[in-house]
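What follows are several structures.
What follows is subunit A paired twice: with subunit B in the first complex and subunit C in the second.
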Partner chain A sequence: MLYLFLPVAATVLYSLATEWNSTVLPEGLTLKWFAELYGDPRFLQAFGRSFVLSFLTTVVAVVIIVPAVFSIVVYAPRMEKLVQLFVMLTYAVPGVIMAVGLIRTYSGNGIPMIVITAGAYLVGLLPYLYQGTRNSLLALHARSLMEAAELLGASRWQAFVRIIVPNIMSGIFVSALLSFSILFGEFVLINILVGGRYETLQLYLYNKLSASGHVASAITVTYFVLMAIITSLIVRFTRRSFARKEVS
Partner chain B sequence: MSYVQIEHMSKTFHGQHVLKQLDLAIEKGELVTLLGPSGCGKSTLLRILSGLTAPDTGKIYIDGKDVTDVSPKNREIGMVFQSYALFPNLTVSQNIAFGLEMNKVPKADIRLRVQEMIELVGLAGKEQNYPRELSGGQQQRVALARSLVTRPKVLLLDEPLSALDAQIRKNLQKQLRTIQRELNMTTVLVTHDQEEAMAVSDRIYIMNGGRIVQHGSPHEIYTQPHSEFVARFIGNYNVLSAEQLNQIAPNLSMREAAGRFAIRPETFREQPVTEGDICLTGKIAHVSMLGNVTRYELNIGDVSVLVDTLHMSFESEQTGTTKTLYLCPKDVIPLYDTIA
Partner chain C sequence: MKRFASMLLVTTIPFFAMIALFLLVPLLSMIEGSFQAEGGGGFTISHYQEIFSNSYYLQAFENSVLISFLSSLIGIIAAVFAAYAITRFPQSLQQRVLVITNLTSNFAGIPLAFAFIVLLGNSGLFVLLAKQLGIDFGQSFTLYSWSGLTLVYVYFQLPLAVMLLYPLYHAIQKQWMEAAELLGASPWHFWLRIGFPVLFPGIVGTFSILFANAMGAYASAYALTGSNYNLVPIRIGALVSGDIFARPELGSALAVLLGMTLAAALVVNEWLTRKIRRDLS
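This part shows the complex of A and B:
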């Protein structure tokens, strides 16, 4: 734990330190690095870009992947093995190789690289959304619920929207938050594919590292706080769905 | 034509014949049970009736209409699943109202009909509860109410009581039968529990290996099994070969040239009733107390038979003692095929 938290504590301290060069502890504490960071329009822009890119990609991924996983788990369970193989494949390709492959395949055909990056992100989210959605559907006995709803006169779409979605919502939400946080911290693909043309928070942090250690620490702390909020939300929703299962 | 008619129904799953050229007829208002061991095809037949599974060949008629290709949502069939399949995000009344909402019934009617159903199944006061807050028996009744409220032509019950305790199961069997009679609802029940089938059915269809092996009233099925499979499945029949029968009752001359014979354990008596009764003497090999019935395993020569007697006296017979019993020749039932 100490090994893990010591650098974090040091980063937090460094982001609040006036000077910390030749002393054991900082010479004084200040919020000026945060003030400087939050006053920098480039930071706000980078933060906004990261947020928009991660949020939109996650939303699109949820809209595409959740119904697809639902169809496979409920109506074509025999295809699951094949799908699982594809899902695992996304882990098998290292980021750098994927980036080079994407550049070779898509550069020069008119599609903006940021869209290509978003597309790659979408595929990258497949394992997280697939597993989360699948587990929720299996725990719910989604197939029997669909059949019951259909026998009561509902169309498949009505049954999906009225019965399945509300019941797997917390599972999807947890997977989506996880996906969002993964994308928010992504650096390799965006750096190679887009670089400075669309500066996200991670790229901004990378650029700031050489300029000011204090500001870079302030960025890191801001990032940690955001991740802590997302994690606590995940924990809250996971607990809630567990509690619901226990009662039933 | 019967109210529900199934003709030449066949179904294959992964090269395995689950249903083989099956025919079945159900009259309006009847409660028919499909009874058989696991894997005999009874649940598949029920799913085909509901439209959730498509048959390979065969036709289904309900109320004179060919519904073989009609989708489940338009088939006017109610179904109670083994797992109940209640919607966890909806309350009891919302669960029951779901089918009416899907069929665009006016709101005022929905309220009235849901209330009626809640009272019919005895769930008043639980309207706003979620399924997870109910006991197994209560959930089962919500599932029943939900499938009945749309006034289906046929109600299908897929082992609806199998997950419940014995006591609750018996109560619900009675309640189910009362409601079914009250609404004159044509009902098909699937079960592997022969006692349950006997208790609630007008008629029983016994299935094995994708075929109907015998059908009839519970009384007919129990007292006149046609095959060794039915005799063994429906009760604790003693099934004896002709030689074994000859060994325990040499004076009995059976007219039928059957290969095997079935004798119900409770038909052995301690006193002769008619003049032609056969006298059997054997040694008690084992005694088990089954509550109101005492079951003996009696060795007559090399042949072992089960004997059930009502548990009347305070003292039970001891293992090893010799016992004389009487059997009426008409209680020896010839069987015409071997186990399927």
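This part shows the complex of A and C:
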């Protein structure tokens, strides 16, 4: 536990230190690195870009993947084997390998690489969203719910939108938060495919590493706080949906 | 029946299009590219020949396998004990520890590399501390060496290993332990004869996931020294993105070989766990 905690603590301390080159503990504490960081328009832009990219990609991924997993789980269970194969594949193929393939396929034919990166992110989120959606659907007994709704005269789409979606919302929300946090920390694809042309928070941090250690740790701390917030949200929502299931 | 087909089609067509466009086509194109002469042209296996005859690339593979194996081994041994320790905590504390573990597993890549620079870099906390105590391990250890990189790898392996192993301990029921104790087994005996064999398939499986995870890791090593480490993912990145000069076909061949290594690790895992399960039953 100590081993896991030490680097985090040291980074926090470093981001608050005035001068810390020759002594074991910092010579003084200050918030000026944070002030400098938040005053830097480049940081705000990078933060905004990361946010927009992760947010939009997550939304698109949810819109594409959730209904597809739904209809496969409920109406075509035989196709699940195929989907599971893809899930394994995306999980087993690391970012570097994906980057090679994507560059070969799409570079130099006019499509902006940022779109390609976002596309690769969609596929990268598949394992998390598939698992999340599937678990929610199974917990809900979606198959019998759909049968009941159809017996009562609802069309499939109506039943899906009115009954299934509201019930799996909290589960999907948790998976979406997880997806967002994964994309927010992504470096490999964006660095190899896009590089400096679309500077996300991770790229900004990388560029700042050599410039100022204090500012870099202020970025790291900011990033880490954001991750902590998202994680605590995930925990709270998971608990709530569990609690509700126990009651019902 | 017709309505059924329409819903299935409407929802799955974008889904499969996405997979085809951003997963299958790029992978196939990469495999095809690895057999192509540079700058287009005919079929050739010269890239593979080059990799297998070039000691530089062979060394990259050796380094990658070595550091992945070592960091996975250290990570899993530590995690076996850490996960067990967590199961002994009271319930509410267990949840909290797991959340923290989960959180630190987000702490990877660039931020992680940076934190280690603060701790152990040239003017890192521990290096300064050691200097004041009169120890100079400048000769034997620096963060930018292999041992330093291994430490960083272990850091991102550990939370993952704990998260994967922790659920396994729930398979070991308290009653087994009580039964074993009644029959006169010491705790040592219990873990050696019952606990460990039950956990073993899971440990092997987790190990192969860790191994694959480390083999594909790129960001941490890249952040520490740019393209200087001779690791397979770093070489691939350099070959395709043109840090030095781009040779995408050779990069493709390297990527195919890396992918085959990962696939082999997963297949061995599958085979081993199945074999062990059969032995147990």
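The rule is short, and it goes like this: the second predicted complex is superposed on the first by the 248 of 248 C-alpha atoms of A that agree within 3 Å, B and C clash if a C-alpha of one lies under 4 Å from a C-alpha of the other, contacts with A are read in each partner's own complex, and residues count from 1 in each chain.
One rule holds for everything that comes next: a residue touches a chain if its C-beta (ideal position, glycine included) is under 8 Å from a C-beta of that chain, and two chains touch if they have at least 3 such contacts.
Bear in mind that the values here come from a model prediction, so they are computed numbers and not experimental data.
Superposition model on subunit A: subunit B and subunit C are shown accommodated side by side without a clash.
Applying the stated contact rule after C-alpha superposition, one finds that A:Asn167 touches subunit B and leaves subunit C untouched. In the overlay built on the shared chain, the residue A:Leu140 is in contact with subunit B alone; subunit C does not reach it.
Once the two complexes are overlaid on the shared chain, A:Val59 sits clear of subunit B and of subunit C alike.
Partner contacting the larger number of subunit A residues, of subunit B and subunit C: C.
Of the two partner chains placed around the shared chain by superposition, subunit C is the only one that A:Trp157 touches, whereas subunit B remains out of contact.
By the touch criterion stated above, A:Ala35 is placed in contact with neither subunit B nor subunit C. In the overlay built on the shared chain, the residue A:Gly119 is in contact with subunit C alone; subunit B does not reach it.
Of the two partner chains, subunit B is the only one touched by A:Ala149; subunit C is not.
Of all Cα pairs spanning subunit B and subunit C in the superposition, the closest are 8 Å apart. Where the contact sets of subunit A with subunit B and with subunit C meet, they give residues 155. Interface residues of subunit A, counted against subunit B in their complex, comprise 140-141, 144-145, 147-155, 158, 162-163, 166-167, 244, 247-248.
Residues 1, 3-8, 10-11, 14, 21-24, 64-65, 67-68, 70-72, 75-76, 79, 86, 89-90, 92-106, 116, 119-120, 122-123, 126, 155-157, 160, 181, 185, 187-188, 191-193, 195, 202, 205-206, 209, 213, 216-217, 219-220, 223-224, 227-228, 231-232, 235 of subunit A are the ones that touch subunit C when the two sit in their complex. Partner subunit A is touched in their complex by these residues of subunit C: 3-4, 7-8, 11-12, 14-16, 18-19, 21-23, 25-30, 33, 82, 95, 97, 99-104, 106-112, 114-119, 123, 125, 128-129, 132, 155, 158-159, 212, 215-219, 222-223, 233, 236-237, 240-241, 248, 251-252, 255, 258-259, 262-263, 266.
Taken in their complex, subunit B has these residues touching subunit A: 50-52, 71-75, 77-79, 81, 83, 85-90, 98-99, 102-103, 131-133, 146-147, 150.
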